[in-house]
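Heads up, the thing below is written out as structure tokens.
Letters A, B, C and D mark the chains in the order given here, with residues in each chain numbered from 1 onward.
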Amino acid sequence: MGIRDLIPSWPVMQQLRGGDRLALGKAARSSRQAELKPRTAGADEVVKSICPYCAVGCGQRVYVKDGEITQIEGDPDSPISRGRLCPKGAASRNFVQSPLREYRVKYRRPHATEWEELDLDTALDMIADRVIKTRGETWEDEDEEGRHLHRTLGFAHLGGATLDNEENYLIKKFFTAMGAIQIENQARI
Amino acid sequence: MDIGSNMAENHPVGFQWVMEARMRGATVIHVDPRYTRTSAVSNMHVPIRAGTDIAFLGGMINYILENDKYFEEYVKAYTNAPVIISEEFRDAEDAGGLFSGWDPESGSYDTETWQYAGMEAQGASGQREQGGATGEQAHYAQGGDLEQGMPPERDETLEHPRCVFQILKKHYRRYTPEKVEEITGISRDLFLKVCEKVCENSGRERTTSFAYAVGWTQHTVGVQNIRAAAIVQLLLGNIGRPGGGIMALRGHASIQGSTDIPTLFNILPGYIPMPHAHAHQNLTTFVERNAAPSGYWGNMKAYTVSLLKAYWGEAATAENDYCFDHLPRLTGDHSIYPAIMGMVDGWCKGFFVMGQNPAVGAANGKLQRLALANLDWLVVRDLVETETASFWYDGPEIETGELRPEDIGTEVFFLPAASHVEKEGSFTNTQRLLQWRNKAVEPEGDCRSELWFMYHLGNKVREKLAGSEDPKDRAVLDLAWDYPVDEEAGVDEPDAHSVLREINGWDAENNALPGYTSLKDDGSTSCGCWIYCGVYADEVNQANRRKPASEQSWVAPEWAWAWPMNRRIIYNRASADPEGKPWSERKKYVWWDEEQEQWTGHDVPDIQATKRPDYVPPDDATAEDAIRGDRPFIMQADGTGWLYVPAGLTDGPLPTHYEPEESPFENALYGQRANPARQRFLRDDNPYNPSGGQPGVEVFPYVLSTYRLTEHHTAGGMSRSTEHLSELMPEMFCEVSPELAEKVGLNNGGWATIVTTRAAIEARVLVTDRLAPLKVQGEETYLVGMPYHWGSKGVVKGDSANDLIGLSLDPNVHIGEYKVATCDIRPGRRPRGPALVEFVEDYRRRAGARRVGVNEGGGS
Amino acid sequence: MSEATGEANVIPGSGGVSDAFNIEGRDVPESRPVIPLGQKTYDGEEQPRMGFFTDTTVCIGCKACQVACKEWNEVPDTIGELTGTSYDNTGALGADNWRHVAFIEQRKEVFVQQEAGLGTPAVEGEPDFRWLMSSDVCKHCTEAPCLDVCPTGSLFRTEFGTVVVQEDICNGCGYCVPACPFGVLDRREGDGRVWKCTMCYDRQKDGMEPACAQACPTDSIQYGPLEELREKANGRLEMLVEAGAEDARLYGANEQGYGMGAFFLLLDDPEVYRLPPDPEVVSRRFASLWGSAAVAAGAMIAGVAAAFVGGSR
Amino acid sequence: MSGRYEPQPQLAGSEQGGSPDGRGAVRMVPEEEVRSYYGRPVLKEPVWTWEVPLYLFAGGMAGGSSLLSLAARAGGNHTLARRALLVALGGATASPVLLVSDLGRPERFYEMLRVFKPTSPMNLGTWVLSAFGATTGAAVAGDILGIFPRATRLSEVASAVLGPALSTYTAVLISDTSVPVWHAARRELPFVFAASSMASAGAAAAILTSPEDAAPARRLTVGAALVELGLTEVMKRRLGDLVAEPYEREEAGRLDKLSKSSTTVGAALMALAGRRRPAAVAGGALILAGAVLERWAVFRAGFQSARDPKYTVVPQRERLRDREGA
């Protein structure tokens, strides 16, 4: 920017030109502020979602720019929440972008004092082996009175109230087929 | 009426409607041991001693009955008040707090004598063979053949001494305002004021609503607490009507969904019970013994067969009983707590934990962590490393030296999960609304959804078992396990829509089913969860409907989808009188339209659309057709709301006041101190504090309660990981009254150590008038209040309140008593290292801490 | 201080009739629409003056406003210790707290009919107690001292009549900090600049509601054209007063008093909420500020001259 | 309100007891009249650091000196004139350095001249200071090099005219805030600053100039010092006991006492033994020290005044009471 544009853009000049002689308003406003836009304005898409915390089920709008979440706020269309959020819901972005979030598998072998890295597919494979082994060792085909049991008490599952219905469905479906019955979650009533 | 919950604090956005109602003149009453953020904006705060809700509600029932405040027409037509009960039934009033059928040896009830007169055998058999029913199974085989949908013996005048109405009257006669004051600490005046308000606000023109949460459920009388409220609401005619009801304020995004499509041991999707080993040789006997022929459960076979088809697809045929024997069998309580004990004792070797944090969130935290430390393998899936994943190197037991990482043989897999915006799927909220979440971004790194994890784990296991001849592997290999994956994301994420469609179900032509009424028991339909049938009607994901509230009626039927059949208020037929006319213009909701010859209104009527109000079922009718047109409670065999529960509960047909497992007081109403049928674990690693009337009670003189704060979420994994929330409540604290602070020398802002026989933890002190002492049975009682959000990980750290709580459960649903215990509190920080163990040991010695009192359950 | 109102170029009412105590709604003085200095300068561009009405009687102290503000404006966190002051752990407004919820526990007479939807009806023998909660924020004053004294023009009046700090201009001179009668502005550690509520200037420009107001679950924080909000507030106050909420009063809602773009409905004295009971527009006291300075300057000339009276050696 | 109960004192324990290790007793005797939010300040304390009081002093001295210089010139005392002018220049160069280093963003100091803002004393002050620096600089240059005599005179006059403004505007600067002890003193403060500026100017000149040429400087010093002492008392009295309290307490109290004694002794020395150089130097030094300390006292008093809510709340309450009475 050359001196020629600099001078007129100098707020003092704008003051002299009148309108805002005291430099309390427009004259004092920087060009940056003049062109200010909310960061959501440039969003690539606005995704309709639901708050992950309690069971009220408030509507959320998730603003995405270049594959990054730029803002999560209440969805005014929701007849439940009317666009409002509690502190937890309002902190959703802070949560999904938490500095404490883990992005890699961590593995701790028996008696170890440190975590190790492990590739996801290997982890899944090892887990599958553990499940099959434990199931085999603890299988109960029938009880002492010869009644059909067809089950294992060798492993248990916990969790579900924070998960999706579809996920709970697969958990229950698969583990039941495996003969596991100790499938539980936060909700006992 | 907000009781047993702290709605403003834990459901702030839902609370906006309460505030709006208040602005329009509604009275908001908050019954809570503490003066909370809810009390602050309520019209009345009613301080109650933790764990005495039944005394309070029982008193209210007594007030309603003694002063004839009940809604007579409603009660006579819509409840089982007129039904006459078996003459063998003995009420707790006559037996020191025990109902008939108590068996001291097994410590449980034989419920045979609780049945309706004239139909014992059937009801009972279904019961006994269940080996303990649960709350989710309260629809059990009650009834048998009802002539014209009516129980055999009734007295419409409600005069008969053995009719439910009279039994109710007798049972609660001693729950007088004076008794209520003596037990709950609520002054007589205040109690009566509440009763008046609630009654004034009920009837044809007005309705009263109850809101509760875990303040009611997390007790050894959890189910009966809610039953008591149900009785009040049925007597006042506040069920099935707008502005009425009993609202469960649930704490997790899809906790409702996780009971509908359960990750629970005792039920299958849609509240179909898991089969018990001895009771169910085959599908037919299973259905017979679990479903009444009348009421919608009369279709249980269709629901079950369709589920088995969804599970095992082609493999499920009429010939093989639709793979009924692929289902594992129960032989008792297989809930998480016995499983945890099993881990400690070594017979449960593997553990999957997904989006839960028992190391902090579960009672007797030490026991929980010892269980984890004794596993062969542990898989933790979460967004952040929780205390459950890190117990082996930074748990409290490591600090005290009770455990050394080198000695812990558990193999731990931590798998990072995808957040709610990195996957798509549906949550079922607290009002049974299925709401779909669309995916905003792809998960980073190894982060994956549980959908991905289960699907691909399933594939791996199936690959490894492929070709196995072992019969036990059939169920795995027969599984219908083929979901389209979305390649473009590059992580082979299974398509959640297709899973939801399987849940909805399809017919023989593979068209999505419109609703559960079209389910068949001949294997021609498949449905993963009958109550969700219709969520994918017309091949459309109904849960993803987002018509703006401003563009539809106040019921907003086109926002998402509510089960069943998109009904927003269930049993809403009760919003009209027996003739089908609205009780009042003001409370109009659904009604019978004579011209159209059908039910209509603001909501989807919860009754067959064309069933006339005066419909009387022919004797051969079954299922819903066996329910009269003037009976709204269509899930029940007799179509009525049960004031008295003849079957389905293990601890009595009527709510009765018992003291909590741990309480400084004896039972002021009965010789029986605590719920006799409550579930306890009498073992060294789960000791209980001595209670009223037992030696050593003075060692733990104060009442302890745990709760949540607006600023945090449950075990903290979702809040202590965010700076925004952490800074608002940066440290673990306890709340005490100035009186208690004076008594034990606590300073505001200072430190205190709170002790039970399980553990000792430290917390900063808030001295506040919000926890006023209560006068109970003549003495001042002091409450120590504690949020339970803290642990050893996160932006902010602190001791976990749940370490203090012992494991004693409600016998119906096996929920733990988290809301009340006894404790001691002293100034200063807790000892560190081994000294802490010694410190707690010393308390145990002084209290002679029991595993004792084994027979105490049996009514000493 | 009696000259407060007497002074010629003091804008009418600043430090004059305090609206903190003159309860509007009882004797409704019509509040004339005020276009604050600076807003006029947007000839054409200028919008109706926007503001916040914080109705503390429906605040549930959830702090959603604080979090929503931090999320939107990316305000840094300052995680400290438990303060021991009820549920308030962030202390006060400042560079890193543009919204702050105050928690006040009081044992006092509370007798309000239920229609008011407030407090606890006094029941014989029940402890009388109330817990006041209030979300504080920058007042966006009609005559803002911070704006007046800012030497760089970093603080300016927007087309919405609000007062905003331009982070691209502020050089951290710190003058606005002691100028503010509400202790709102502060310099951010390590950053050196002053930060405060902008009423979400960027969102406003797109016709969006400020983050705090949108999040507020109970509508305790209402956003809109100031004139409408003031009418609403007067209505609400009347309702409360009729219902017997004797303590209820509006704070900052009246241009006859100290005009605020963000005003409050309180249930107790302002100072109980950390608000000044009778704030003044210090920066408009030109006469007493510059006048005596001019005289003093003259006196210097005389004084020096006098020193030479006895000869210049 | 009968039965009023204030939780603050009970909870203030952790507030005032510093680290919340609970040293505050469970219940302390409730403070009466003053209600507050856990004893927390209504106002923010200024964020200004040590540079500011030094600037208040330097600028004041510079302004006084340019005036003194012109007067001496007029009286034909060119030695005194030149010495005073040098002092003015010294002050004029030190001031901006101090100001800039106090900024949170020093690299942005130039933004000060972005606008011309009559409502902002600091903005006007910056313009004045700049002009004063320029003119004084020109004057000194011309004087030393002996070139452009007319322009030099003109600059001297200009600098002398700006001088008093520079000395007194700083009083406006700090009293144009909500800090009670500053704002309430807006009438008296300019005079206090003017007097001490003259005293400093005289003292500085008396130190640098040989006694036989410094008589007027000595007279100015002594006279102004006495006036300064008097005016500070007047200011405090007019502030009233409560608002002026900071001057009696803590840091401000100590500084104030020190400044008084230093100025008094300095003035005495200057008056009685000023004709002897060592005495003049000593006395002058004491006067200067006194001036610095006095500015420092005023500066710190502002912090103390902002820190305690009672200084904000009580006067406003009284004002309300008066108004309601009227």
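Remarks
By our rule, contacts are C-beta pairs under 8 Å (C-beta built on N, C-alpha and C of every residue); 3 or more make two chains touch, one makes a residue touch a chain.
Since the structure is predicted, the reported quantities are computational estimates derived from the model, not experimental observations.
Just to note, of A-C and C-D, the chains joined by more C-beta pairs in contact are C-D. Relative to the centroid of all protein Cα atoms, the closest per-chain Cα centroid is that of A.
Centre-to-centre, using mean CA coordinates, subunit A is 36 Å away from subunit C. Centre-to-centre separation between subunit C and subunit D, using Cα means, comes to 30 Å.
For the pair subunit B and subunit C, the distance between mean C-alpha positions equals 47 Å. Centre to centre, using the average C-alpha position, subunit B and subunit D are separated by 70 Å. Shown for subunit A are the residues in touch with two or more other chains, namely 11, 22-24, 27-28, 72, 76, 84-87, 89-91, 94. Among the residues of subunit B, those touching two or more other chains are numbered 12-13, 16, 710-711, 723-725, 728, 748-749, 764-765, 768-769, 795.
Shared contact sites, meaning residues of subunit D that touch two or more other chains, fall at 7, 11, 13-14, 20, 22, 114-115, 117, 119. Interface of subunit C with subunit D (complex): residues 1-2, 4, 15, 17-18, 20-21, 81-86, 91-92, 94, 102, 104-109, 128, 145, 148-154, 169-175, 177-187, 191-194, 247, 269, 271-280, 282-283, 285, 288-290, 292-301, 303-308, 310-313.
Of all residues in subunit C, only 58-64, 66-67, 70-71, 77-84, 86-87, 89-90, 105, 107, 114-115, 117-121, 123-127, 129-133, 217-219 touch subunit B in the complex they form. Only residues 11, 19-20, 22-30, 32-33, 36-41, 71-74, 76, 83-87, 89-91, 93-94 of subunit A touch subunit C when the two sit together in their complex. Against subunit A, the residues of subunit D that register as touching in their complex are 113-119.
Taken together, the subunit A residues at the contact with subunit D in this complex read 10-12, 15, 22-24, 27-28.
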